[in-house]
Every structure is written in structure tokens, then in C-alpha cells.
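Common to both upcoming complexes is chain A, partnered first by chain B, then by chain C.
Take a look at the complex of A and B:
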């Protein structure tokens, strides 16, 4: 016979008040990433339309606002933006294939890793070049 | 043979820790985690461990089970964060060096311990008319015939046991209880693609709803949760295509 039940653990209770996190696979996490990048891109576009609209207020106001973007923090933010857009675009193609290509459902996991692979290749090309530009302008 | 079995079972008994999400509505205001140590064999299932706890340690532990052999679909629960049938999850397939977390399936109202209110689930199931609707009558003394190829089209979705493992693994269902859910769509698929059935249009119309097949975000949680190995997401994709084409 086994030992008596262990006392209730207050630590564990507080650690997972709503239950454990569902341990979904690549399909679930690609969906979570797709949502997060989608919302992030939406807010970027909102700001982007607003700052571009400033050109109609006055060219000086537009230049002033765009000028404030020229710093390393925004430069790193651009890395995140490009990463989000590339993932959202590639995973969007994967979802279209799942919905409309007969074998898409079968190859969904392989297609996810292809998305990740292409994302890594594109980012490897973009990030070093971009960061050189961003940080070479810091001193100027 | 008998001696071999005896040494095997005697040598294999070991203690595992189950951390179960308890909720006794008469006592608890909210669910809490409770830990149990239980002696099991590697050939035991999670259901056997739950039985041992209920019979030997704490009789208040409540869970559903009927056949205990993966047919009735009563004991779907979340085991280590994934929806599984307790009667089909072998201890040896889990990492027993860590405690095993067991909790009720998610997205349906919690009633007691591992028991949830299944009514919203069955309501969605009934809504898709999961029964044969045929306008024709077969010849006297004959049955409705169907070729092997015609049967094969919906063979996968006939396996459903309505355990709700798929529907309660769906992130869309967790946040939007109005969504029909994978299980209802699987059972609609079973009749939509049945050559003997004449009401595919009716069911496609029901599922071409804001809360119908279009809520599916292809997370594939349902396919991975299904204890019967049904390719649920594929079935949903086929229903989506049938809705677009306007026929099966």
C-alpha cells in the first residue's frame, strides 16, 4: 500500500490557478504566433498610416516625426517588425495550403518547419545588413 | 508462465505521484490541486491509478468511466496538459520521474473534480442532425446499397465515440463556447459524405454559420487529442470545401 496522500501544496495551487497550459503541438503554437504577429502588425500599420498622414499636415511635421524613428531602439523594433511580417506571410501561405490543397493537412507539420527554415534564411540575410546600417548611423 | 507473470508483476510495482485538480462544489469555492502517491505497475493505466486513489485513499474523488476500454468515451481528461482517455493512457508511456498532472477537460462547465457538464457539447452534436435523413425508400426486402469506395469516403469519421477530447482541446472552443466544435463537425461529416443520406445541404447550411466550420483555425489540437485516431482537422477541411462547392 502506498503512503498517505501528501498535504495539499499551496505552492502548486497558486502556480496553476487556471489549470495547466494545454500542451499543443506545432499547429497550436504556429496559430498562437500567427495571432501575436497579426495583432502586432495591425498596430504598426495604424501608427504607420497616422505618421504618413502627417505629410498632409506639413512636410516639417512629417520630417520631425520620421526623424525621431532614427535611433537604435526603433532599429531593433524594425528587426522585430520584419520578423513578424515574414512569419505572418509565410505561415499565411501554409494556412492557405492547409485549407485549399488536398494534401495540405497531411504535410502541415513539415510545412511549419519549412516556414521556420525560410524565415531563418531571410532573417539571416536581413538582420546583419540592417543592424550595420542602424548602428553605423548612431555616431553621426 | 504463471511464475513468470508473478515475478514480473512483483518486480514492477512502483510509486508514482498524481497531482489532480480537485473541485468539490460543497466544500471548495474554486478548484485546487491535490497530490496523491499511488502504487502501480507499468502496465497500469491512469484510470487504474485513479481507481486505486478512489478505493484506497480518498472516496470523494469523482470521475466518469463506464467501459474502461476506450469505447464508451466517458473518461476524457487532461493528462499532463493533453486531452487523453484515462483508460487508454498507460503509465509506462508517461514520464514517471515527474508528477503526473490530471485535470478535467477544458471549456465545459466544471461540475465536480474531473467531471464536466457535457450538455453544451451534446447540444452542438444534436444541432448538426447526426442521423440518416433519406428521402428514398429501398425496394421491399432490400437495403440501401453502398460501394466500398463510397463507404471509404467517410470511414474515418464513423469512429467517433463522443468523448469530447477534440472539442475541449480546441483554443477556439475555450474562448467561444458558441463554436460547434470539432466533434459536431466530425459527426456532420459522417452523414454529409454518406451516399445514402439526402440532407447534406441542410447540414452544410447549418455549418456555414459564423460559429460553424469557419471558426476552425487549423491548430490540429483536435487531431492530436483524438483517442480514436480520427484526422479531425482533415474532416473539417473537407466540410469547408463542401460548403464552398455547395455540395459534397
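Take a look at the complex of A and C:
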């Protein structure tokens, strides 16, 4: 007696690769973004500790270096930095929920879009305020 | 006569003794991550959102913060937790992508050295910092307002 293979539904064919959270779509791209933002933040952290250490050298030296953070081009870079930090932070919390919350894997995709939504809200609060601060410095 | 291994048995048996550092690293990333979200979001809010944001940051601003133990402890925790978190994350990437064990060893050595040096430097700065240092006359105006006249 032979058993006919169960017909594969057409839906299955176009579906994302199964069996793993980290292959394809949101599971994979959030992982890629987590790595890229993590590396960027790490290198900024190295620089940021060195520039802050200048408070131990002299007020003049610290003010000269921190002054470059108020330049508009650096200001745009700070928008990118804060964007990277917020994503890394929120996605990190999502990873923790996937690891420790019983329903984390089930809701990982939804949680990714919640991360994106909260990121948009926080950036909407931060970016205009920061750019006004940075660009109002021009010419002063 | 050689025995045939059971399917899917791992080529090397799991280590059964000693500290499982990879496990503790995994736990550390999550534990420090939660604390860092609070510390760094607070740091960004106080330094970039309140008042004039980045425009207000200068020596007097930082000196005012470090005159209180609260911000000293805050920044000390951020320093240690973030650098170890970041260095361990970079170690993971090197383990994944380094094309040879030798290159990986060099890169991990560089990561460890930079993290260790910056942790020591940052800790020394936080604990030896004087918010009212002796400065030349033309820098008096850069000191925080609570400093006694020189």
C-alpha cells in the first residue's frame, strides 16, 4: 500500500522559509540591522569616551572638541546615531522576549513591527527638536 | 571494530565541567542590555532633549553633572556595562566572520585591549575629576557657576 504524499498547498510555496526564526524576512533583517547598528554604536562609544575624557585635561580642550558635536553635519550624524541606538535597544528587548517569553517566538514578527512603530514615534519626538537645536547654532 | 555513532550525535561531546563562559556571556548581553536601555535613554534625554540639548553641553554642564554622585554612578555603570556589552558583541562578530583563527585572535586581542584601556581611562576620569580646576584667567568663564572665584 502506498501513501500518496499530502498535496502541498499553493500557499506554502510562496511562504517564507520555515523552521527558523533567523532565515528570511523580519527575523533575518532585524538580526542584520542589530549587528550593523551594534558595530556602529561600539565605534562611536570608543570615540565618545575619549572625547569625554578631555574634561580631565582642561575646560578649553573639552569645549573645543564638544563644539564639533554642535556642527550641523555632526548633528545629522547624531540623528543617525540616536536612530541606531533606539533600534538596537528596542530590538534587543524583542530578542529578550523571544528568548524568555513563552509566546515570544509566536509574536516575533508582530514585535518587529512594534519595534519599528515605537522607533518612528521616538524619532519623531527627537529629530525635530535636535535639528532645531543644531541648526539654530549656525552663525552663533 | 569501530562503532557507528548514533545519528546526529555531536562530533565533540558537550563539556561537562568548568564555567560555561559562553552561557554567562549570553546572559550578560541580556541583563546588561535591559539596564543599558534605561541608562542610555536617560543619558540621551538629559543631554539632547532637555533645555537646549546638544547646544548646552560644555565643560560647565558636565562638571555640574559630575559634582553629584548620582551622575557619577550613572556614567560609571554606563561605561562598564556598555563597553563590556559592545566588546562581547564585537567578539561574536569576529567569531562569525574572521577568515582565519590567527586574524580572529588578533582582532579579539584588539577588542579586549581597547575595551580594557577605555574602562580604566573612563573610571579614572570619573573618580579623579575636579569640577573646579585651576585654570588660566582667560578660562574662568568656562567653569561652572558654583566654583569659588580663583
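As a convention for this text, the second predicted complex is superposed on the first by the 117 of 140 C-alpha atoms of A that agree within 3 Å, B and C clash if a C-alpha of one lies under 4 Å from a C-alpha of the other, contacts with A are read in each partner's own complex, and residues count from 1 in each chain.
Note that a residue touches a chain if its C-beta (ideal position, glycine included) is under 8 Å from a C-beta of that chain, and two chains touch if they have at least 3 such contacts.
All figures in this text were calculated on a predicted structure; none of them were measured in a lab.
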*asked:* One more residue to check, A:134. First (chain B), second (chain C), both or neither?
replied: second
Per residue count on chain A, the busier partner among chain B and chain C is C
| query | Counting only touches as set out at the top, which of chain B and chain C does A:31 meet: first, second, both, neither? | reply | first
Which holds for A:59: it touches chain B only (first), chain C only (second), both, or neither?
second
So, does A:68 touch the first partner chain B, the second partner chain C, both, or neither? neither
- Task: Figure out whether A:99 sits in contact with chain B (first) or chain C (second), or with both, or with neither.
- Result: both
Chain A residues where the chain B and chain C footprints coincide 95, 99
Chain C contacts chain A in the complex at 30, 33-34, 36-37, 40-41, 44, 48-49, 52-55, 57-60, 62-63, 66, 79, 82-83, 86-87, 89-90, 93, 114, 118, 121-122, 124-125, 128-129, 133, 135, 139, 142-143
The chain A residues in contact with chain B across the complex are 1-6, 8-9, 12-13, 16-17, 19-28, 30-31, 95, 98-99, 104-106, 108
Chain A residues touching chain C in their complex are 35, 38-39, 41-42, 45-46, 49-50, 52-53, 55-56, 58-60, 62-63, 66, 69-70, 75, 78, 82, 85, 89, 92-93, 95-96, 99-100, 125-126, 129-130, 133-134, 136-137
So, in the complex, the side of chain B touching chain A is made of residues 15, 17, 19, 21, 30-39, 52, 56-58, 78, 80-82, 101, 103, 106, 169, 171, 217-221, 223-224, 231, 233-234, 237, 240
